[in-house]
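Got some structures for you, see below.
Shared chain: chain A. Partners: chain B in the first complex, chain C in the second.
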Partner chain A sequence: MRKAIMLLALAGIGVMLIYAVGEMPPMGDSGNPDKTHVAPRYLEHGEEEAGASNVVTAVRLNYRGYDTMGEVAVIFCALCAVVAVLGREKTGLSRTHMDVSRVKASVVVRTTVRFLVPVIIFFAIYIILHGEETPGGGFQGGAIIGASIILFTLAFGLPESTRKIPLKSRVPLESFAVIAFLAAGFTGILFGANFLTYIMPGLSEHAAETIRQVMMMVIEIGIGFAGGIIFTSIMFAMIREDKYELQPDSS
Partner chain B sequence: MDWTLNLLLLTLLLATAIAVIRIRDLLAAAIVFSAYSLVMAILWTQLRAPDLALTEAAVGAGVTTVLFIITIYRTVRKED
Partner chain C sequence: MNFSRIAHNLNYVFSVVLFLLGLYTIAVKPNLVKKIMGLNIMETSVFLFMVSIGMVGSGNAPVVTEGVKPATMVNPIPQALILTGIVVAVSTTAVALSLCIRIHEHYDSLNAFEILGRDELF
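Coming up: the complex of A and B.
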């Protein structure tokens, strides 16, 4: 009986959903509202209003700046939750099962990783800094940085990684994305414009342009490096194992 | 030309998505899920969203797979 009611309800919702999809404008049709109002506006005025020649970046940082700020806050909250539950690793003292086992990553893996990681980080920095003109930007580059550090940790173990990127240097970076975004937002208010406005009123064109460039760069770099470091910290917190922890030297 | 490739990719996407739910071995499911992300990344480029494709490939196929495997390693591998 219960099952029958459940099935009936599910079927009803399914029919309604399919009916609603049928009512939607066809995908990619040039007569859709987003093609007649939103897209032309972004394409025609994006560069002067938002100041980025890549329209996606213009939308991401300017038209929907709040959205991006929320996203950055979300990954920061994810890190806070993981650290609150699992705790932090201790630099050079935290180990994993991988580090104590006698089976190490093979020479081939270690050598490949040693050559690949710098190239991957270089590529990530290119994506972060070039986000204004080409696809990509802070978040994408940050994810790639995080992935490269995770790759390094898998090949060389947690002690080596935490020695290279100690907790001390990560903590201030983790919150940098949110702080950079808020700072850029409040700069707009300081100049008498709205929150998250990049083009300041009452300045010469040249000065406004310079300020806008600097602000977008700071936000992109902030999201990029903080994002990468946040992924790294989450991974470090998850992979460390208390039972293999070394005791600090008491001498 | 796009049509056949997209059909192939969408079929693969459906197959991997169903496989992720059906497989009892969580480690295998994590790997299949990473394959799903990779197919999705190619589909994003087909839909002309290279920004999303970059994120999907780095986060979906890379970082989350590692996090899943760490979690499986520290809990249990088989689903009951």
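Coming up: the complex of A and C.
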């Protein structure tokens, strides 16, 4: 019954949406409405106005800087909510399946992961630092850092991971993105410009350009590392296998 | 209905299909984790739709380089918006999954009907 009603409703919604697709302008046409107002201006003047030749980064950090600051606050709030619901990982008590399982991760897996994780983190740092000139940026690099630490935890277990990245070194890094953003924003106010303005008035052109590059770099590094550490902390908080009391090998 | 336009806008059609699939999963499946998966599928359909809007046929990435005209670059605004959207989607998924862990600890079940204590919602 529920399924029948739902399928009927979905059929109605689907017909309406497909009809709307038929009325949309042809995809990929360079004269479409979305490319006639703001986008050409960003593409033509983005590099000199925002200081990043990757226009997506220019839009993210400069034209829509408030939006990105809110986004950074959103992932920080998500971490706060997860920790409020689940609590931090219980170091010393927690055991993942990997620690008590009779089938250990094989030597091949462990060795591959041990060689791969530094390379992945190196690649993530490249993605973070090159976000202004090539496709990439803070969030992408942060996701790669988080993924590499998750890979390490899957192969070596939670105790080994929390020994490598202990809680007391993660706590200051988690809020680093919000702090870097606010610091860059209030630096603009201190120099007499608006909030999140990277160009300081009253400086020579060269100095203003240098300060803008440094501020954008600080924000990108903050987003990247804080994002990666936040993903790691969320994953550590979610590991719950100690509850099932898996016995160590008793046979 | 303009069928040739629909056949040309295939990305939009697939995003409609993904949207309906996600909505069906959220509404019909009783398992809470499957509901979260449906939510993620719906979010993905919106991302596909918006990025497809900004596409330019045989265009370039929106990175200013020598010899690439701005007219042939794809629209950077949907890409920046979707980057925001992906991060928000990850955050909501994390909070929803942590609530699922607590619910499973309390009720020993992730089935919405078992948690509510009845067979049908209506």
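In this section, the second predicted complex is superposed on the first by the 199 of 251 C-alpha atoms of A that agree within 3 Å, B and C clash if a C-alpha of one lies under 4 Å from a C-alpha of the other, contacts with A are read in each partner's own complex, and residues count from 1 in each chain.
Basically, a residue touches a chain if its C-beta (ideal position, glycine included) is under 8 Å from a C-beta of that chain, and two chains touch if they have at least 3 such contacts.
Note that the structure is a prediction, hence the values are computed from the model and not measured.
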| message | On the A-aligned overlay, A:V56 touches which partner chain: chain B = first, chain C = second, or both, or neither? | response | both
| field | First, second, both or neither for A:F139, with chain B first and chain C second | value | both
| Does chain B (first) or chain C (second) touch A:I234, or do both, or does neither? | both
| query | Who does A:I127 touch here: chain B (first), chain C (second), both, or neither? | reply | first
| request: Examine A:A39 and indicate which partner it touches, taking first as chain B and second as chain C; both and neither are also allowed. | output: second
| Once the shared chain is lined up, is A:R212 touching chain B (first), chain C (second), both, or neither of them? | neither
| Given the touch rule stated above, what does A:I150 touch, chain B (first), chain C (second), both, or neither? | first
| message | Contacts for A:R170 in the overlay, against chain B (first) and chain C (second): which applies, first, second, both or neither? | response | neither
| message | By the touch definition above, which chain A residues appear in both interfaces, chain B in one complex and chain C in the other? | response | 56, 60, 135, 137, 139, 231, 234, 238
| Inside the complex, what are the residues of chain B that reach chain A? | 50-51, 54-55, 58-59, 62-63, 66-67, 70-71, 73-74
| message | Looking at the complex, which residues from chain A come into contact with chain C? | response | 1-3, 6-7, 10, 13-14, 17-19, 21-24, 26-30, 32, 34-35, 38-40, 42-44, 46-47, 53-56, 58-60, 64, 67-68, 71, 74-75, 77-79, 81-82, 85-86, 133-135, 137, 139, 227, 231, 234, 237-238, 240, 243
| field | Residues on chain C engaged by chain A in the complex (per definition of touch) | value | 1-3, 5-6, 8-13, 16, 19-20, 23-24, 27-28, 52-57, 59, 61-65, 70-73, 75-80, 83-84, 86-88, 90-92, 94-95, 97-99, 101-102, 105, 120-122
| field | chain B-touching residues of chain A, taken from the complex the two chains share | value | 56, 60, 97, 127, 135-137, 139-140, 143-144, 146-147, 150, 154, 231, 234-235, 238-239, 241
